[in-house]
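In the two complexes that follow, subunit A is the common piece, with subunit B as its partner first and subunit C second.
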Partner chain A sequence: DSHIQYERVGADVTMKCGSMDWDSAVTWTANGTDIDESHLNGSYLILKNVDLTQSGQYSCYEGSSWHLKYQTYLRVGIPPKEPVLMCRSNNYPKGFYCSWHLPTPTYIPNSFNISVIHGTKEMVCEKDIYPKNRCHIRYLQLFSTVKYKVTLTVTNALGKNSTTLTFDEVAIVKPDPPESVVAKPVPNNPRRLEVSWQNPSSWPDPESFPLKFFLRYRPLILDQWQHVELSDGTSHTITDAYAGKEYIIQVAAKDNDIGTWSDWSVAVHATPWTEEPKHLTTEAQIT
Partner chain B sequence: MAAADSPSAALRRRDLCSRGIRLAGKMRSDVIDLLDTYVERQGLDASTSVATVEGVPVAAVEHWDEQTGTQRLLENLAAYRAFRVLLAQMLEEHREQLGEADTTLGRALAAVLLQVSAFAYHLEELLRLESRGPPSEEGADPPSVPHLGLFERKLRGLGVLRELAQWAVRSSRDLRQLTKPSPGSSSAPSWAESP
Partner chain C sequence: GDSWGIFTFLCAALCNLPALPALNCTEELGAGQSIQKTYDLTRYLEHQLRTLAGTYLNYLGPPFNEPDFNPPRLARAERVPSATVDLDLWRGLTDNARLAANYRAYSRLLCYLRALDGQAGTAELRHRLGHFCSSLQGLVLSIAGVMSSLGYPLPAGPAGPPAGPPGTPVAPNDFLKKMDDFWLLKELQTWLWRSAKDFNRLKKKVPPAVVTLRLEARGF
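Up next is the complex of A and B:
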C-alpha cells in the first residue's frame, strides 16, 4: 500500500518493508533507483539525518519475486515558524481584510485557520479565492471601542504555530493610494504644474468619509521632496517649480479623521511650460 | 416655524451641519488631548482595558448606514446630554479630590464640557428645524453616581473619555450623512427616509 510520510529535516527515519520479517531479503528503491545495502538494517531502510533532497518515492520489493511489498512517499520538511499576519481596512466603513504568509517555507503542505473575535462575538472571515492567503470581514458594528482579536494558526504534519493581532476599528484604516494621477504644464506659466488625481476606487463612500491628501514633488535632479497637505479637493497647482526642470510627483491619501496614510501613488513626471526658443536671425536678414 | 423643506430651512440645516462637523472635529481633537492628560495625571496606562461603563452612551452601532436623519440626531443628542452630566460629575469629583491643586486637568475637563454642551445645543437646533423639535430634558432623572473607590472612578473616567472620543468621530460622520441628498430628490435630504 502506498501513503505519504512526513519527517523533519535532520530526523533519523526507519522504514519497514510492510509485513516482511526483519530478516527477509528485500530491495529498496528511491524514485526507481536501487538503494545501497549499507542503508539497510535487515529489511529495514535506515535514513539518518534526512535532508530535503531525500524527499521522494520509496519502494520495497521482495528479494526473489520482485513483488512490491511497500511503498511510501517521503516528504521531508520543517514545522511552521510563527506566521506573519497583517490586517487592514482599505474600504472603510465596509470592513477589513487580513493576509498572511510564512517567513520561511516548510516544504510540505500547510493549512491555515483564522479566527476573528470582537468582544465576545466570533466573526466569520470569508476566504478570498485569490490571493488564497487572504480573507475579509464585514463590519457589523461601527464606532466600537471594543478591540478585534485575530488569531492565525498554521498547521502541517510536523507541527503548528500561531500569531495574534489585537486592534481597534480605526487603527487599521489605510486607504489605497490615489488613482489616475496626472500632472500637466500650465501654458504660459514656466513655474506651474497642474496636478489632479482621483480617490482610490476601493474607498466606497468618499462623500461621507472624505479623504485628505498629501502631495510630494521634486525635480529629478534634486533629492529633497517638497510636501503639501490638502484637506479637500483632488487637484493642486504647484506654483514654485523650477523652470524647465522635469519633476516627479506623487500623492498619498488618508481618511480625514482616522487611520494612517496610504502608500504613495504611482509617480508621474512633468516639466513646466517653457517658451519656444525664438528663431535666430542673422544680421543680413535684419538689414 | 418654517416648513422643514423650505429653502431657508434647507440652507440653515446645511449651515448647521457644516458647523457641526467642524465642532465635532475640534471636540475630537481636544478629547484626545484630554485623554493623554487624564491618563498621565491619573497615573493610568494608556493601554488599560476598560469594561463597558454603566450609564455611558455607547457609540457602537449596527446598520449605521441605514439610520434615518432623525434617528441620527436623536441618538447623538441623547449621548451628548448624557456626556454633559458625566463630565460635570468628573469635574466635581476632580475638584473634590484635588481642590485647585491640579488646574491643567481641571481646565481641560471644563473646556471639553463646554464643547459638549455647545454641540448638544447645536443638535437641538438641528432638531428644531424638524417639526417635532428636540425631546425635553425636564423630568429626566440624572444618572446616579455609583459608589466607587478612587481607582474605579479613574477607570470610569477613562471609559467616559474614550467613548466620547468615539462619539465625536461618529457625530461628524452622522452630520455628513445628513448633508447628502436622498435618492430621487434634487435638493435637501429628507431625514424621515433612510439616507
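Up next is the complex of A and C:
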C-alpha cells in the first residue's frame, strides 16, 4: 500500500521495502525508472542528501516475481520560515482584516492557523474564500484602549513557525485609494486642470468618519511632484499647470484623524486646454 | 494618615472650575463654530499628548515605555472613565448624551492628571503636565460652552472623581501606582481619538446658521 513521506532537503533517507527482509532481492524504481544497485543497502534504498528533484513515487518490487511490495510518495521540502503577517482596517469602524504569506516556498503543503486576542477575549477571524490567506474580524467595540494581538502559526510535516502582531485599534486604519479619479482640462483656461474622485467604496461611513485627501501632480517631463492636502470635498482645480504639458495626477486618502495614508490611486493623465491654432493666410497666397 | 481622604479633598479643591460666563446674546459665536473649535482643541491635545506621554512613560521606565507593552486591566483601573463603547450605541447617542459623556470624562481625567502633576518627578515633567492640564481645562470649558449654547444642562455632580468607599486604597505599591498612571494616559489618548469622531458627528448635525437664528430670537 502507498503513502506519503515528507523529508527535509539535505536529509539522508532510508526506505525499507515493506516487510521484506534486509537480505531479500528487490528492485526499486523512482517514477517508473529502475534505480541502480549502488543506492541499495541490502533491500533498503538509501538516498543521501536529498534535493527537490528527488520528489516522486518510489516503488519496491520483489526480485523474481515483480510483485509490488511497497510504494511511497516522497515529497522533499523545508520547514516553514517565519511567515509575513499584515493587518489593516480599510473599512473603519466595521473591523479589520489580516493577510499573510510565506517569504519562501516550502514545496510541501502548509496549514495556517490564526488567533486574535483582545484583552482576555479570543476573537474569531473569519477566513475569506478569496483571496486565500486572509481573514476578517468585526469590531464589537470602538475606541478600545486594549491592544489586539494577532498570532499566525504555519505548520507543515517538517516543522512550524509563527509570528505575532500587536496593535491599537486606530493604528492599523488605512483606507483603500480613492476611486474613479478623473482629470479634465478647463475650457479657455490654459493653466487649469479639474480633478475629481470618489471615496473608496470599501469605506463604509464617510459621513461620520470623513476622509481627507492628498493630491499630487507633475508634468510628465519633470520628476518633481507638487502636493495639495484637502481636508474635505472630492474635487480640486489645479491652477498652476504648465500650458500645453501632459500631466500625471494621483490622489490618496486618509481618515481625518487616525491611521495612515492610503496607497496612491491609479494615475490619470490630462493636458490643460490649449487654444486651437488660427488659420494663417500665407504670404504666398496673397502675392 | 488617611491618604484617600487627603486625595479626595485635594481633588475637590483643584477641580473647582470657575463659573461659566453666561452666553451673551450678542455673541457672534454660533454652536457650529464652537464645535469646530472644540474639535480643533481635541486634535491639538492629542498631538500634545503624544509628546507628553512619551516623556512620562520614559520617566516611569520599563516596561511602561515599551511600545508593545500590553498589560491586562486590573479592576482598580476602572475608576478612570473609558471611551470604549459599543458601535451601535455610540452611533445612536443623542447630541446631549454625546456631549455629556465627553464633558464628564474630561472633567474626571483632568482631576486625575492634576494629581499626577503634583507628584511628578522632574521639573520638566511638571512643566509639561501643567501646560497640558491648562489646555485640557480649556477643552472642558469649550465642551461646556457648546452644551450651554445648545441649551443642554451641564451634567450634575462633582467634577472630581467619585469618592470611593473609605478604605479604597490609593495604589499600595510603586509598581501599581505606575500602572495607574499608564492607564490614565491610555484612557486620555483613547478619549481624544474618540472625541475627534464625536465632534465630527456633531459638526454635521449643527450647522452654524441654525444657531444664529436661535440667538437672534432670544434677543427679543
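Here is the rule we use: the second predicted complex is superposed on the first by the 282 of 287 C-alpha atoms of A that agree within 3 Å, B and C clash if a C-alpha of one lies under 4 Å from a C-alpha of the other, contacts with A are read in each partner's own complex, and residues count from 1 in each chain.
Assume contacts are C-beta pairs under 8 Å (C-beta built on N, C-alpha and C of every residue); 3 or more make two chains touch, one makes a residue touch a chain.
Everything numeric in this text was worked out from a predicted model, so none of it was measured.
Once subunit A is used to superpose the two complexes, subunit B occupies space that clashes with subunit C. In the superposition on chain A, A:I221 makes contact with neither subunit B nor subunit C. Comparing subunit B with subunit C, the partner in contact with more residues of subunit A is C. In the superposition on chain A, no contact is made by A:I129 with either subunit B or subunit C. In the superposition on chain A, A:I258 makes contact with both subunit B and subunit C. Judged by the touch definition given at the top, the superposed model places A:T145 against both subunit B and subunit C. Shared-chain residue A:T120: touches subunit C; no touch with subunit B.
The interface of subunit A with subunit B overlaps its interface with subunit C at residues 93, 140-146, 170, 207-210, 256-258. On the side of subunit B, the complex with subunit A involves touching residues 25, 28, 58-62, 64-65, 162-163, 166-167, 169-170, 172-173, 176-177, 180. Put simply, subunit A touches subunit B in their complex at residues 93, 140-146, 170, 207-210, 256-258. Against subunit A, in their complex, subunit C makes its touches with residues 43, 46, 68, 70, 72-73, 82-87, 90-91, 183, 186-187, 189-191, 193-194, 196-197, 200-201, 204. Residue ranges on subunit A touching subunit C, taken from their complex, read 93, 119-120, 139-147, 149, 166, 170, 207-210, 256-258.
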